[in-house]
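Next come two complexes, and both contain subunit A; in the first it sits with subunit B, in the second with subunit C.
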Partner chain A sequence: MGSRATVPAWAVQAYGKWQKRRTAWLATGICVAVASLICAPLLMIPGGSMMDGAEMRQILSPILGEGKGFAVWHLIPVYPTIGHFYRLLIESPAFYHLFWNTVGMTAAILLGQLAVGLPSAWAFAAFRFRGRDFLFGLYVVLMLLPFQVMLLPQYIVLQKLHLYNHQTAVILPAVFSTFPVFIMYRGFTQIETEVLEAARLDGAGELQIFFHIGLPLGKMGIQAAMVLSFLEYWNLVEQPMAFLEEQAAWPLSLYLPQITISQAGVAFAVAVMVLIPALFVFALGQDALEEGIAYIGVKA
Partner chain B sequence: MFLLPGLAGVMLFYLLPFLEVVRRSFLQSGNSAFVGIDNYRAVWENGAFVLAVRNTFLYMAVGVPLLMGSSLLLSLLLRNLRLRRRLVSAMLLPMAVPAAVMVLTLQILIDRQGVINGVLTKAAEQIMVIPAFEAIDYLNTEWALVVVVCSFLWKNTGYMVILWLAGLAALPKEVEEAAQVDGANRWQNWHYIIRPGLSGSFFTIGMLSVLQIFKSYREVWMVAGSYPQEHIYFLQHLLQNWYLKLEFDRMAALTVIMSLVLLVVCLCLQKRLEQREENF
Partner chain C sequence: MQTESKKKLWRGFALFMVAMLIMTYVSRMVYVSRMPRVKWSNPMSASIRNKITAEGTVEAVNAQAVIGMDGLLVETVCVAAGDRMEAGTVLYEVNREDLLAQLSQLEAQEQAWQNQEQAKRREAATNTTRAQEDYDMDVIELDRRIAEETKKLEELMEDLDTHMFRIPEEDASDEIWIAWADERLRFDREIAEKKRMIEDIQLEKEKILRQADRELEDARRAQSAAESGLELGASGISQVRERQERIALLKELSGNEGKVRAKSAGEILEVMMQSGMRMGADAVLRYADDGGSRIFCTVITQEQKPLVHTGDMVQLTFPGSAEEVSETIDSIVQENGGYTVKIRLEPGVAAGRFEGVMELNATSEIYDFVVPVKALRNDGGNAIYVLEEKEGILGTELCVRSMTVRLLDKNEEYAAIADELLTGDIKVVTECDRELENGMAVKE
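For the complex of A and B:
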């Protein structure tokens, strides 16, 4: 007679349950740890933006080449100040100029992508025409190429069109980027083809179908494309660096790295101002963002 | 009809100039004399090119498996958790952080006299494992590649976790449940059910990881500048620097070479995506 046989059934069940819960806790623990590690560097930013210049100089002196030992960091400043924001927002018109550069360029690109990309995506999703598969393949390849490969080709065309060193040099190629077309296309393909056929049978015009069926039902893909584009173009670096010589035309994302570490307080304040809109869009568009990423790989 | 305006723009800003670059890659810049494959030979024999190719491959060989492995592991852990949505969002957060902001914090952390070395030194002193910890100059030694790979992982893990989770969600639940009833353990579950079911995702995510490697140049440039430590001198540095020096003939040749290589990657990826589309 083994002792096993005498263990009551409820105890076995309870043990199984406990084991399952333990695994879940362990998995949660690991994932929470990784997620916090990923988010941790961001905790430096609010503190840094409100840190007094003297305090910053003191704790960063080893990096600035003035001291021995190692830099430390205070997550909560000892002498908090809003001086950097004051200087940035009240005293320096240059900041506004660059900030509105970023806003203007991003807005122009997003609107352009909607105006151009939305019909293109619809064309790929709703119609079968000759050369469709080849063209779509081309769009996919173009969306996957890194910018450096397109650097010389785009430079040549911008030079020819006399757009070089003008903000449209950054805006126009981005407007015709094929990535949002792909994402919006994936959103449209979620619509059942029967719906479109039924509408056509009922005598709806193609424009009517696009506005009354395509746009409302493909909303998720459109949102996803806009969120992904916003995060990309809010963060422009290489394009303005290559095509805009004058600093006055730069976006904030390219200007920020020019602030040296000795003015870290200002840099952190700028970082906060750059980060807030991006986080705002991230929080609002999160479902769309996750959906959009899933479109890229797996969802058919 | 819907497509025309978009297609015209794509032609103008992407396709035609690209064909022009292909043409120019056989010409000498300046007098436009036909030089055959001389530009390609010049690229091939360039010392910086050889270095950049080697570094780019090394970066890929380290970065891609690490990214795929860690994100797959995380998504397997995450997939049945109650906190899943929150955790995925947290891991995705780096997508919203502009590169410039990330670089700012990185500078303070990884300087030779920065915070990370400070913490390590203190830890070494306290625990007495290593009596004198030698401060590492991360950006000016071989460690630079480690920094680059870490920032690559930081930026892309959430993205890949979502792709894996989408792949996992597409697996039929009944099979796993049936296997569990039959007493399959976790390893058998992985080996016989999940892994074969994910083979399509493996391929797609692998290719996307490769392409993300090429797209991660922005961070590298911002941390280390145009002439970084020689272990993180990549093909994009070469293109960028030839662009600044107006060496357009060699640049055209390199552009063609790189796009051919990437084209092969893309075509493989696409074939796969189309196959999946047909399956549904």
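For the complex of A and C:
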């Protein structure tokens, strides 16, 4: 029998490490590529908002039917300008009107959801009562229903309540949305039942338990619900389009369709301005959002 | 560390919102400051009063002409077109030597003609006398012959009577009776012949006398014609008269030292002669007689035409004169893209004036929609801006909308308009501090 050459242990280790690292690099590369593809429209926004009108028309000419070939986007404009921002921020009071409409509507919705959804979520999480499971199941079903299904019933109800063509027509249904209740409920369920029992044994009232135990411990769920609600209602399109005829009552999300192709630069500038509050909120609520999404693993 | 980062984010977010709030006001201010400020008014029901002013000319209805002295030489022209003339004003002078030469020539012709006519009259008178004499002679001669034949007839009749008393006896022979009868037959034949002869002479007398009478009549007519000058014929008489009139005229002109004077006052319209020119029988000068009628003529535009009607009372003034008269329009005629208005002036009006100004105050019917004329603008046609409330992103805003209208009438201040969409409540933009565009948001 001949002697066999044996591979040194360090080499086997090095090869294993190299294989792991290669796999990691490959995965990272694929992720970056996919992320870049997904984020491409977002990357177009800053460049488009500072692109000269003539340059933009030249780029978009194949899309507009005025040129041949394909539209090739310039991430960095050849002739950068802040003219679109000047027109938007200085010469377009309509933009601010709709901006503050959006702020007001979103704030009202979030406050309403806190006022309505928070006690509901606490009730589902902290109490055991007859029909609880059925009721919660109903909440989940309602949460899963798309808006288009609820459009006609909501329209009829709003007409009967004389709320059509008023911002309340958008705010009120949103206040009673079940999704934030579900998220906050999941946050509250993270509180140990023993803690609540101990508090009761110590003579704490239900309100005391809610305010002193429920809210502090379910804070992340509440924040996650608010961040998600904010992002949803900040960009609300369908409900205002369905229930608001008066332009003066519109949110900012309906401002973009009003801008013609000849003002595409302004549209990009609007997109930038719309993004800023959302980015702030996201940045502020990122931790809570991650934790909240973790709570609702099922939902996520 | 994380808390510090969040604080910064909160501060950034708050700063962003504050900045947005401030920019909201800035944007509003810029928007409003660029917004045109307008004034408006509702259309009213009213009539349009138009003051139409038009400059025109004064023209003579029938301009008088001064006919030239045919064949005379112009020495000096003393007037020019536009000159004022009075009765007796010297218009022009003729060359006196030429005048006298022509006068003497005409007088000589006249004298020769007179002599010729006199000779003709004398000859005619002689012819008449002769014809009368011939007539008288013929009468005498024929009467003599008739008397002679009558006497012979009477003698025959006497012989016959004698013959009849000598009738043969009854028992006379046949030869005697035959001879007597033959004799008797001869007498009867002679008597009949004499009677026929007398009748023939009488017929001849009538014929001769008729001929003589005609000749006498012709002679008398010729004499009469010679004395009256009828043998010249119409053209001859006319020539003679013309010559005589011309002689009289030249004599008169000669008496005026060759100066032709105006017979009445007026204005010289046109002078068609010049010194050294030999005049024809045409007009050498035209003038407007002060005593004659005149016409004021002016041209109005197509826009003014609906306001001006035949029979309208107008005021006429004449530059350089305090004279102001009220007259009525006699006619309006479309000419050369405009309308010529003619006004007949009373005799003596606008004497010495060639230009004038017509003023007419015309009040239209009552229109339903009258707006200030400054609200009207030309947008290919006539249009106005109306103020409307418009629901937009910024809420209810005032904006202007262009409305095409039909212009019915207008003056310097107001315009009457019409359109199916017009109502009394509509707000018509009358003033604005900058150029407006259709759909533009404005402020009051």
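Methods note: the second predicted complex is superposed on the first by the 285 of 300 C-alpha atoms of A that agree within 3 Å, B and C clash if a C-alpha of one lies under 4 Å from a C-alpha of the other, contacts with A are read in each partner's own complex, and residues count from 1 in each chain.
Simple rule for what comes next: a contact is a pair of C-beta atoms (placed from the backbone, for glycine too) under 8 Å apart; a residue touches a chain by one contact, two chains touch by 3 or more.
Every value quoted in this text rests on a predicted model; they were computed, and no experiment measured them.
Student: What does the overlay on subunit A give for subunit B and subunit C, a clash or a fit?
Tutor: On the superposed model, which is not a single observed complex, subunit B and subunit C fit side by side.
Student: Please indicate which partner A:96 is in contact with in the superposed arrangement: first for subunit B, second for subunit C, both, or neither.
Tutor: After superposition on chain A, A:96 lies in contact with subunit C alone.
Student: Which partner does A:248 contact after superposing on A: first (subunit B), second (subunit C), both, neither?
Tutor: After superposition on chain A, A:248 lies in contact with subunit C alone.
Student: For the overlay on chain A, what angle lies at subunit A between subunit B and subunit C, C-alpha centres, nearest 10°?
Tutor: It works out to roughly 90 degrees.
Student: Considering only touches as defined above, state whether A:54 meets subunit B (first), subunit C (second), both or neither.
Tutor: A:54 contacts neither subunit B nor subunit C.
Student: Tell me which partner A:234 touches in the superposition: subunit B (first), subunit C (second), both or neither.
Tutor: first
Student: State whether subunit B or subunit C is in contact with more residues of subunit A in the superposed arrangement.
Tutor: Comparing touch counts on subunit A for subunit B and subunit C gives B.
Student: Once the two structures sit on chain A together, report how near the CA atoms of subunit B get to those of subunit C, whole Å.
Tutor: 16
Student: Taking the two structures together, which residues of subunit A meet both subunit B and subunit C?
Tutor: In subunit A, positions 281 sit in both the subunit B and subunit C interfaces.
Student: Over in the complex, which subunit A residues touch subunit B? Could you list them?
Tutor: Interface residues on the subunit A side: 24, 27-28, 30-32, 34-36, 38-39, 41-42, 44-45, 60, 62-63, 67, 69-73, 116-117, 119-120, 122-124, 126-127, 135, 137-142, 144-157, 172-173, 175-176, 178, 181, 206, 210, 231, 234-235, 237-238, 242, 253-254, 256-257, 261, 264, 267-268, 271, 274-275, 278-279, 281-282, 286, 289-290, 293-294, 296-300.
Student: Going by the contact rule set out above, which residues of subunit C touch subunit A in the complex?
Tutor: 2, 6, 9-10, 12-13, 16-17, 20, 23-24, 26-28, 30-31, 391-396
Student: Across the complex, what residues on subunit B touch subunit A?
Tutor: 1-3, 5-7, 9-10, 12-18, 20-21, 74, 77-78, 80-83, 87-109, 111, 113-115, 117-118, 121, 135, 154, 157-159, 162-163, 165-167, 170, 200-201, 204-205, 208, 211, 214-215, 217-218, 221-222, 235-236, 239-240, 243, 248, 251-252, 255, 258-259, 262-263, 265-267, 269-270, 273, 276-277, 279-280
Student: Inside the complex, what are the residues of subunit A that reach subunit C?
Tutor: 89-100, 103, 246-248, 250, 255, 258, 276-277, 280-281, 283-284, 287
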